[in-house]
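In the two complexes below, chain A is the common chain; its partner is chain B in one and chain C in the other.
What follows is the complex of A and B.
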């Protein structure tokens, strides 16, 4: 309970700082600028909560605290979809007449994630074991990343494209629009609710696949839907903020250290913690940059996340848990 | 339990997923008015101008123009419209070919300027280039700003067309037409048909990478204006290719155009003796800022390359 209050308070403080931070002072803030900051804040909250809960689901499903949404390849799939959409919007301007710019990115992101998810579910259905799913997820992740790198190399020959793709890859919620937030919000909200519902099942599955099955858990349904909701959460985060890493790794592990392994509580606290962490990181991205402009959000989360990962890995190894 | 069996949880989750997707679709489907928006032009007697991203924008007496397109800044300054500019890119302010005429513009926008920086200026028109993120334009339009995409002014012809459109947008169509025609005809006159045609290519070297510029870019225009035959274009290259040394050997340019100071690095490349331009030391070095000019500033760059080409042995 104390932790819930703590993360809620952290989210309120980070949200207030986010609304107050920008090139224009609070006194001169008109409704347009305030709306812009509000959209950015909502994008940060949604993306942070989505990434953190996707991390909880992956760690619960694979029973490994070092798992993250990127293991399934859905993040890379969503990123590839958005990259293709960005290229299309520059190379085929007519595309924006058919699909508004604000809708093209989410649609392509969810499309890319759905492709990765389809492959995963096909293997899960045929083989049914977690190891096959992990292996395929890693292969898909590498494949989509390689295709993304190829697109980037093509885009480099047209510098305007290269610049847009690099900005997306580095991550940031500054270009989120009201429309993209409105599209992502119901998906994230329903996915968070559904994840919470699967919490009890994930608790039972911590004892092992066979033990869970002997206790009446439908492990295939659990795997199927955990993957689906992870895909929904991860792709929503990617379409809102691009390449933002480590949130799904750091937040659930910190929260678990205080709350223990119970997934329902973990999901609520991680959603709040992820939202607070990403909002705070976004404030840092704006404040720490010398002069106008911003540090890429993905760089901030990685700068915090990489040392944490090393520390956490060492601690888990020392404790004999890895 | 079989993997094919559909359980109650499957139904519940499928319904939840479908509901979320329908809700998201409903939020995203409503078409905004930004794709094709024509402001009321009744009574103005002027036709709307089509922005490069498909949006129709009404001409008007815009007085607080924010220009994020360096190629257009120079043209506006040349047409005497600098007093109507509220902000220009810091590049135009410092390095543009008409930087001297832009010194009175109240604001400079650095490359990292965000949406909030732009909205805070309260401009009445934002000019962007085709290099801008379309999402940013969509966001600015959603915030009620008039945005005109001038397109990617990669060649002299593109720049002249953008110039005409922006001038028409500002109610100065005749002035724009005159400047565009003068720019293109002067560029054509830089070319000296009496000079023998030498094959050439543009190459700059950054971090060991050989970066080119050919068909579809200002570099191609510069080579043509200097009576040089673009060897990369002949080989089918386009835009800004990254070359390997072997590509240079294959293209066998007789002249290399590069940025001031890079000639020595190019001469030191292993195998330089197999590249005619390097073997014969026929390297034209031009100031980097001048070479980077787009829009009407390209004319000065073309004149500099042509002058250096005339001095070649």
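What follows is the complex of A and C.
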């Protein structure tokens, strides 16, 4: 309970800082500017909660604290989808007549994630074992990342397009729009609720596939739905914020060290913690940059996340908790 | 369920794993109040049969029937309420207390939103049955081998299934803990459970079993009472060793 209160308080503080931070001071903030900051704040909250809970689901499914949404290839699939959409909107402006600009990015992100998810579910249906799913996920992740890198190299011929793709790849919620938040919010809310419902099943699944099945878990359904909700969460986060790493790794592990492995509590606390972490990181991205502009959000989460995670992992390992 | 009533029936069961037939034409019947022991050399198919009886491996041919229904047709939850499985060792990692591990046995009874009414009582009762009530708050991964096995049996008992199937529960334990587990299994059978247990040790099988099934290369070599099955001829045929006359380790738990 104390941890829940702590992360809730951290989220409130980070949210207040996010609304107050920017080149224009709080006193001079007009309605339009406040709305933009509110959209940015909501995008951070949604993306942070989605990434953290996607991490909880993956770590629960694979029974490995180092698993993250990226091992399924879903994040890379969503990123590739968005990159294609960004290229398409610049190179084929007619595309925007068919699909409105505000919907193109989310639709392409979810499309890319759905492609990866379809491959994973096909393997899960045929083989039914988690190892095959992990192996395929890693291959898909590498494949989609390689295709993304190829797109980036092609985009370098056009300065503006290259800049857009690089900005997306580095991660950031400054480009989120009201429409993209409105599309992502219900998906994230439903996926968070559904993830919570699978919490008890994931608790039992900690005992391994055979034991869990003997205790009444439908392991195939659990794998299928866990992958589906992870895909929804990860693709929503990628659509909102691009390539943001480490949130799904750091937040669930820190929360688990204090709350234990019970997934329902873990999902609630990680959603709050992820939202607080990403909002705070976004504030740092704005405040810490010397001069105008911002540090890419993905760089902030990785710069903070990597050393923190090494310290935290060593501490927990030494204490026998990991 | 009345003592002596057949609660699990296996008819002409064959199981294929990785393209290889690991069990062939297995037929047996498990009765309430009985302890049936599976013996056989390594690779004879004991663990595969245990898993098939729990519905964890699908039959390639034949059927496993529990309570009048083919186990393969039951939902995982319905199956878990009828048949409880105790693995040789658990894959559970750190962070869980004994009570949380035993509570997993109630998963098949709990609703999507809340625990069923008998949740807490079933956990306490199960821990009491294996003399592990005092372990409830201890971290599961810090238990000794004997305590771990008792807690896994408690988790199976918490399901309140009438059939208990165990895969070599005593193989990693010292003599005293092995005998403690055997005594516990006998007590559970006397309380009305149908118990089927895979064992390596022929002396333990003789001490514990009402019925013995001897497997060799995925087939039943002999089945019946311990005296009928554990004979010099069968042991030589299955294991390739000679059974010495008047064998036995000659130890027992204090007060047994």
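In the analysis below, the second predicted complex is superposed on the first by the 309 of 322 C-alpha atoms of A that agree within 3 Å, B and C clash if a C-alpha of one lies under 4 Å from a C-alpha of the other, contacts with A are read in each partner's own complex, and residues count from 1 in each chain.
One rule holds in what follows: a contact is a pair of C-beta atoms (placed from the backbone, for glycine too) under 8 Å apart; a residue touches a chain by one contact, two chains touch by 3 or more.
Just so you know, these numbers come straight off a predicted model, no measurement behind them.
In the superposition on chain A, contact of A:135 is made with neither chain B nor chain C.
In the superposition on chain A, A:193 contacts chain B only, with no contact to chain C.
When chain B and chain C are set side by side, the one touching more residues of chain A is B. In the superposed model, A:103 makes contact with chain B only, not with chain C.
Looking at the shared chain after the overlay, A:178 reaches chain B, while chain C stays out of its contact range. In the superposed model, A:218 makes contact with both chain B and chain C.
Once chain A of one complex is fitted onto chain A of the other, the partner contacts of A:260 are limited to chain C, with no touch recorded for chain B.
Of the two partner chains placed around the shared chain by superposition, neither chain B nor chain C is touched by A:166.
Chain A residues in contact with chain B (one complex) as well as with chain C (other complex) are 218.
By the touch criterion given at the top, residues 1, 3-4, 7, 9-10, 13, 16-17, 19-21, 23-24, 27-29, 31-32, 34-36, 52-54, 110-117, 119-120, 129-139, 142-144, 152, 238-242 of chain B touch chain A in their complex.
Against chain A, the residues of chain C that register as touching in their complex are 51, 54-56, 75-77, 79-81, 83-85, 87, 90-96, 100-101, 104-105, 107-108, 110, 112, 155, 159. Of all residues in chain A, only 63, 197, 200-201, 203-204, 206-208, 210-211, 213-219, 256, 260-262, 320-322 touch chain C in the complex they form.
Partner chain B is touched in their complex by these residues of chain A: 22-24, 28, 32-33, 35-37, 89-90, 93-94, 96-97, 100-103, 105-107, 124-126, 128, 156-160, 163-164, 167, 174-175, 177-179, 182-187, 189-191, 193-194, 218, 220-221, 224-225, 228-229, 232, 289, 291-294.
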